[in-house]
Amino acid sequence: MAEPIVTYKNVTKSFDEVDVLKGINLDIAPAEKIALIGPSGSGKTTIIRLLMTLEEPTSGVIEVNGQNLWQMEKKGELVRANEKHLRQIRGDIGMVFQHFNLFPHMTILENCMTGPINVKGESKEEAKKNSIEMLEKVGLGDKLENYPNQLSGGQKQRVAMARALVMRPKVMLFDEVTSALDPELVGEVLEVIREIAKEGEMAMVLVTHEMDFARDVADRIIFLENGVIAEQGTPEEVLENTESERLQQFLSRFRS
Amino acid sequence: MIPISQIGEIFSILLQGLNITITILVTSAFFSFLVAFLAGFGRLSKNIFIRKFSGFFVEVFRGTSLIIQLFWFFYALPILFGIDLGSEFWACVIAISMNYGAYMSETVRGSILSVAHGQTEAAIALNMSRFQRMRIVILPQAVRMMLPEFGNYLIQMLKATSLISLVGLADIVYKGQLYTNTNLSSTPTVYLLILVFYFIIALPLIGLTKWAEKQSSKGVASE
Amino acid sequence: MFFGSLPMIFKGLWVTLGVTIACYLFAMVFGFVWVTLKRIPFKPFQWVVSFVLEFIRSTPPLVQLFFLFFGLPMVPYVGVSLSPFTVAVLGLGVHYSTYISEIYRSGIQSVDKGQWEASIALNMSVRDRWTKVILPQAIPPIIPMLGNYLIIMFKEVPLTSTVGVAGMLLMADKFGARNWAYLEPYTLVAIFFLLLSYPSAILIKKLENKMNRRFDKKDPTGAKNVKKGVAIDG
């Protein structure tokens, strides 16, 4: 693989007494699309939360663009990164959440504009132009002045994606973004993700239960179990031709 | 029982006390909000000394009654700072501000904490700095939550101003008592009218609080 | 010299505690009165009750005490002179009953609507509905709040020194007047209050945490507690 954009080296994570991740080694190539699947409790969400700096690794190294995310050098020694260091690197990562987490006190246009204006220092006009463009892309160009509580779940999630995309991250993380939606709203969200994937520039990591979708969109599927990567490969390899019994058992739950 | 004309006379006497009551109320309200935010943020601080110190302050002023704090400051201020000019006024303001500031700091702290976790995470995902997170995402939602409780505390502060008569400030209660000293038979009427007077002042505050309650349910994410 | 007032204040402590409990019990009972009155299905009457309740709640308790102690005796024909203790219990009791009635109301409100319907469907008598279904669910969550009000009333009792109740504050005043030293006795009274109210507040908070874990709305069966190895029945 050409220089990977994200690297996990022996990353572990424990909460209290529970070891959630037990040694993850992973390279993500630029513009690669990865689907993370596995039983609940396997640690899939934790992996991406570590990258988004929402959790801190217990041990191991995560690198973004070759830079150590959670550690920095101070007087020749390696210490835990401070806020300034984290912010420097975090700008290349974006995330869409299971429960949307839109800002309820802002219109959806303001939700999209707040990142570019306050974090990237864009001018109000430029941020507005880009936000409108992105909201139109996800099909919500006619709802710019609406508040989140006036939208359906599917619409909220599309706004959340526009908000994250307008920051132009190099890696986009999706944390079970359709799990909280009513079944009839799932399709519209998946459609948008498909479009984003087609454009090709961003790496994407999707934690998902939607196997058919994963097969369509992903370059690589990773099966996580008990805190380690149990299987990985192309969608054909993992979903159709696997020899692992555990994986077969897991996948059988999703077959009708 | 009591002729209407006398009621009018009593009211105009009570009115003379209105000035100092409102002045103390407004001044105390201002300082108590200041204290509330200082102590509230102090309790959320990462610095353990600030946290412990604010915590101590809040517990002391919540754990003792306003009337004791009032008397204490009234006698302590001249001794500690040699302030004699207007010491009654400032003793009252300081006591009320500290007391209610301590209670309201819990409101501040509680509201900030109860803005949903997901909001902070979304702000982190957008790479906002800690200060930006507070200013753009958390505070706007937290303040809306604080308003109804602040409204309630404001009404309580209004009731608390009746205590200033005990240290000799010429407020509504004091003026009323002066009148009853020379018109003993009017005592029950006077006290009832004092209550009515306070109630009239309280009415807009009650309305404001109810309005704030309606506002606080819109536009806030709490899980 | 600093502790010179201690014996007097200690004597006052018992009075303060006694008045606190008396006022609290009165407020708890009178709170029920308000709740019952407000449930009488006659709109104008409910409006009057609400008005009176709001009036009492929003006006200074100090003035209400003065009215009872200084004003009531002067009322023609029906005027009675009440003892400081009676004035304290009536005055603070009625004043704080308004707050407690609100707590009762919110406890009843928080019981799921379906519980009423289920008890009607089972053809329960009104009395059984209240005693077997509604109250057992309404009361436990409000217990911490009721506990808080005990502490609140404890701190409000010093107001009654103005009508002659011989609690800690009056004792401190007496000592101060005799010895021209007010600061020391007041400080001691403040310390006494802190010593009693602060640990009580912590106890109430612990109680509240325990209640919250048991009655977590998102986890009605207490399944969360099972994972942590805590028995559901606490």
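Note that the chains are named A, B and C in the order they appear, and that numbering of residues resets to 1 at the start of each chain.
Keep in mind that, in the parts below, a residue touches a chain if its C-beta (ideal position, glycine included) is under 8 Å from a C-beta of that chain, and two chains touch if they have at least 3 such contacts.
All values derive from a computational prediction rather than experimental measurement.
Taken as a graph of touching chains, this assembly is arranged as a line, each chain contacting the next along an open chain of partners. Here B is the chain whose Cα centre lies closest to the centre of all protein Cα atoms. Averaged C-alpha coordinates put the centre of subunit A at 47 Å from the centre of subunit B.
Once the centre of each chain is set as its mean CA position, subunit A and subunit C turn out to be 52 Å apart.
Separating the CA-averaged centres of subunit B and subunit C is a span of 21 Å.
In subunit C, no residue reaches two or more other chains under the touch definition.
On the subunit B side of its complex with subunit A, the touching residues are 116, 118-119, 121-122, 124-130, 132, 136-137, 140-141, 144, 218-221, 223.
Considering their complex, residues 54-55, 58-64, 66-67, 70-72, 74-76, 79, 155-156, 158-159, 161-162, 169, 176, 182-183, 186-187, 189-190, 193-194, 197-198, 201 of subunit C touch subunit B.
Touching subunit B in their complex are the following residues of subunit A: 52-54, 83, 87, 90-91, 93-95, 97, 99, 101-105, 114-115, 118-119, 147, 149, 163-164, 167.
If you check the complex, the residues on subunit B that touch subunit C are 1, 59-60, 62-65, 67-69, 71-72, 75-76, 79, 155, 159-163, 166, 173, 177, 180, 184-192, 194-195, 198-199, 202, 206.
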